[in-house]
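In what comes next, subunit A is part of two complexes: it sits with subunit B in the first one and with subunit C in the second one.
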Partner chain A sequence: MRLFQDRPSWRNFLRWFIPLKRKTGSWAFVLNRVTALGLLFYLCLHLVMLYQLAQGPQAYDSFIAFAKSPIIKFSEMFVIAGGILHGLNGVRIILNSFGIGVRRQKVLFYSLMTIAAVGISFFAYRMFFGA
Partner chain B sequence: MNKVLQNQERTGLWLIKIGSGVVVFFVLAIHLVVNHLAAPEGLLLYEDVVNYYRNPIVPVMEVIFLIVVISHALAGFRSILMDLNLPARLQRWIDALLMIVGTAGIVYGTWLVVVIVSRGKGL
Partner chain C sequence: MNNIRWTIDMEISRQRQGEERHFEVFRLEVDPNEYVLDAIERVWAFHDRSLTFRHACHHSTCGACAMLVNGVEKLTCITPIRTVTADGGKIRVEPLRNFPVLSDLVVDMSSLYSNMEKTNFSQVAPLDQSYLPYEEKPEADEVERLVDCIECGMCISACPGAATSASYLGPAVLAAAHHVYLETGASCLLDLVDSKDGVWRCHSAYECSEVCPSNVDPAWRIMDLRKRIIHQRVSSWFTRKERA
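The block that comes next holds the complex of A and B.
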């Protein structure tokens, strides 16, 4: 089976999970796609869960009490991390698409990922140890 | 035109994806700050949500957020599906399905916003 081919194919999906011979740009591409799928799944879940609001205060507040459990908060941290990573990686894609920072893609990617790491740490601290 | 070219993303859709991405980036920042930083323990209770929606800017902002986030998500999902190089006919069915899902999501979300706003008017 030819795993590596240039034209689009369903087999290319498998390439996302093969860490061999991967360069920074390729990691950035995989990060964008994986976080996109995760966020799409969360968006569907989020819209469905918000139906509790229409059911009234009792239904919604008991759902919120459940959502404050450590395991849900931990999962939510993944969503926030996914959002920050996808958003900042998207900024790089937009800049590159308009010809900005194309020659310094690697520096741009690592700089934005450093900002993402700071942002994720900040949210994690506030969510788990904040007032 | 060969199959690979048929499945390419058109400029208009690409611009929608990029433009909606920029809007999502900024509105999501507000959404995260209000719902996860300002709120006690990172989540708003029912009464807080209803009070938050009493500000007339909030429902408008949230509906705009809903439209752009669904557009961005589904346009992005379509891009991922295009990587699979699906047959053109299947791709057309998927496009129609994504349009229906997107429209349903926007209608449902807008209805939910209207419900929350109406609850706030009684207070």
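The block that comes next holds the complex of A and C.
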């Protein structure tokens, strides 16, 4: 006997992304899923970009010009934010799996997210206002 | 005597075998200090005798009346109406998630019970072993009591991991395995839970512990099992294996 019927459902799928009425742990869970999908999307995009670079000097120059546009810079900020959030959330799960901070998992999550906010702010400043 | 009366809408999930799920609304006049289960019973008694739902003890001991109330797992027998709606408001009642629906609000929990049996979980334990390891234990000799888990299934319903694999043991079973492991030290229990459908399916959302009405703290127990499994694996690297 199994836990539930073997039938994919939109309701179960959406539960992975809508943590409404749920507690901190679920928000952390959804944050990890969303950032993971974002990073995966970026990885695919990155490989496509690398392929473009291999098309010759002209393609390289036009790509660099494109990469310096504000929208790409802003998107890269999302990649950095996603990496920091996903990484630190992963650290929370690793620590918990070793039995560290399990009873204080909410405090641990908020602490790591505060560190993430500081890190993201630092990189944002460097990217948009740095030399 | 407080005679406050509220008018509320009970939006109840209805489903028969092979049919699509739909909701039916029943308008009731209730005392806000009554419990959600009282309102469901009133719908059954005065509006629709075909409504099916489980209930037994009415004081949070049996776990039979666990349902989704406004999207959150609740034991309806101890959930006051005033805590989940307001006068003129609505209460949406649905069956637990991650279990097959048998009829209306009744789900098939046989998978939970059969998985619990695999752990040799007993509902009665010596007093000193029936508490979580981090809790303060009362001093008493030769006394037994009922363990905390009432097998209501709310932890499995709330678990996002349980929605991803049909063969996942689920938080209640993993917590039971942990409880028996602490009692007996039987390493076969670690083997039972050390799999992709055991402790490693958990995604650390901690919803099981949030909704547990009975202080079982399945999430803590799952993490403690992980710690013990990791310890066992690392120890095995430094332990000489005897040749057969």
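What we mean here is this: the second predicted complex is superposed on the first by the 116 of 131 C-alpha atoms of A that agree within 3 Å, B and C clash if a C-alpha of one lies under 4 Å from a C-alpha of the other, contacts with A are read in each partner's own complex, and residues count from 1 in each chain.
As a working rule, contacts are C-beta pairs under 8 Å (C-beta built on N, C-alpha and C of every residue); 3 or more make two chains touch, one makes a residue touch a chain.
The structure presented is a predicted model; accordingly, all values stated were derived computationally and were not measured.
More residues of subunit A are in touch with B than with the other of subunit B and subunit C. Contacts of A:Gly38 after superposition: neither subunit B nor subunit C is touched. In the superposition on chain A, contact of A:Ser97 is made with both subunit B and subunit C.
Of the two partner chains placed by the overlay, only subunit C lies in contact with A:Lys21; subunit B stays clear of it. Residue contacts after overlaying the shared chain place A:Phe29 against subunit C, while subunit B stays out of touching range.
By the touch criterion defined above, A:Leu53 lies against subunit B but remains apart from subunit C after alignment on the C-alpha atoms of chain A.
When both complexes are aligned on chain A by C-alpha atoms, subunit A residues 12, 97 touch subunit B in the first and subunit C in the second.
Subunit B makes touch with subunit A in their complex at residues 4, 7, 18, 21-22, 24-25, 28, 32, 36-37, 40-47, 49, 69-70, 73, 76-77, 80, 82-85, 105, 108-109, 112, 115-116. The touching residues of subunit A, when paired with subunit B in their complex, are 7-10, 12-13, 33, 36-37, 39-40, 43, 47, 50-51, 53-54, 56-57, 60-61, 64, 67-68, 73, 76, 80, 83, 87, 90-91, 94, 97, 123, 126-127, 130-131. Against subunit A, in their complex, subunit C makes its touches with residues 70-72, 97-100, 108, 110-112, 114, 134, 156, 160, 162-168, 170, 203-207, 210, 219-220, 223-224, 226-227, 230. Residues 1-6, 12, 15-16, 20-26, 28-29, 32, 92-93, 96-99, 102-103, 105 of subunit A are the ones that touch subunit C when the two sit in their complex.
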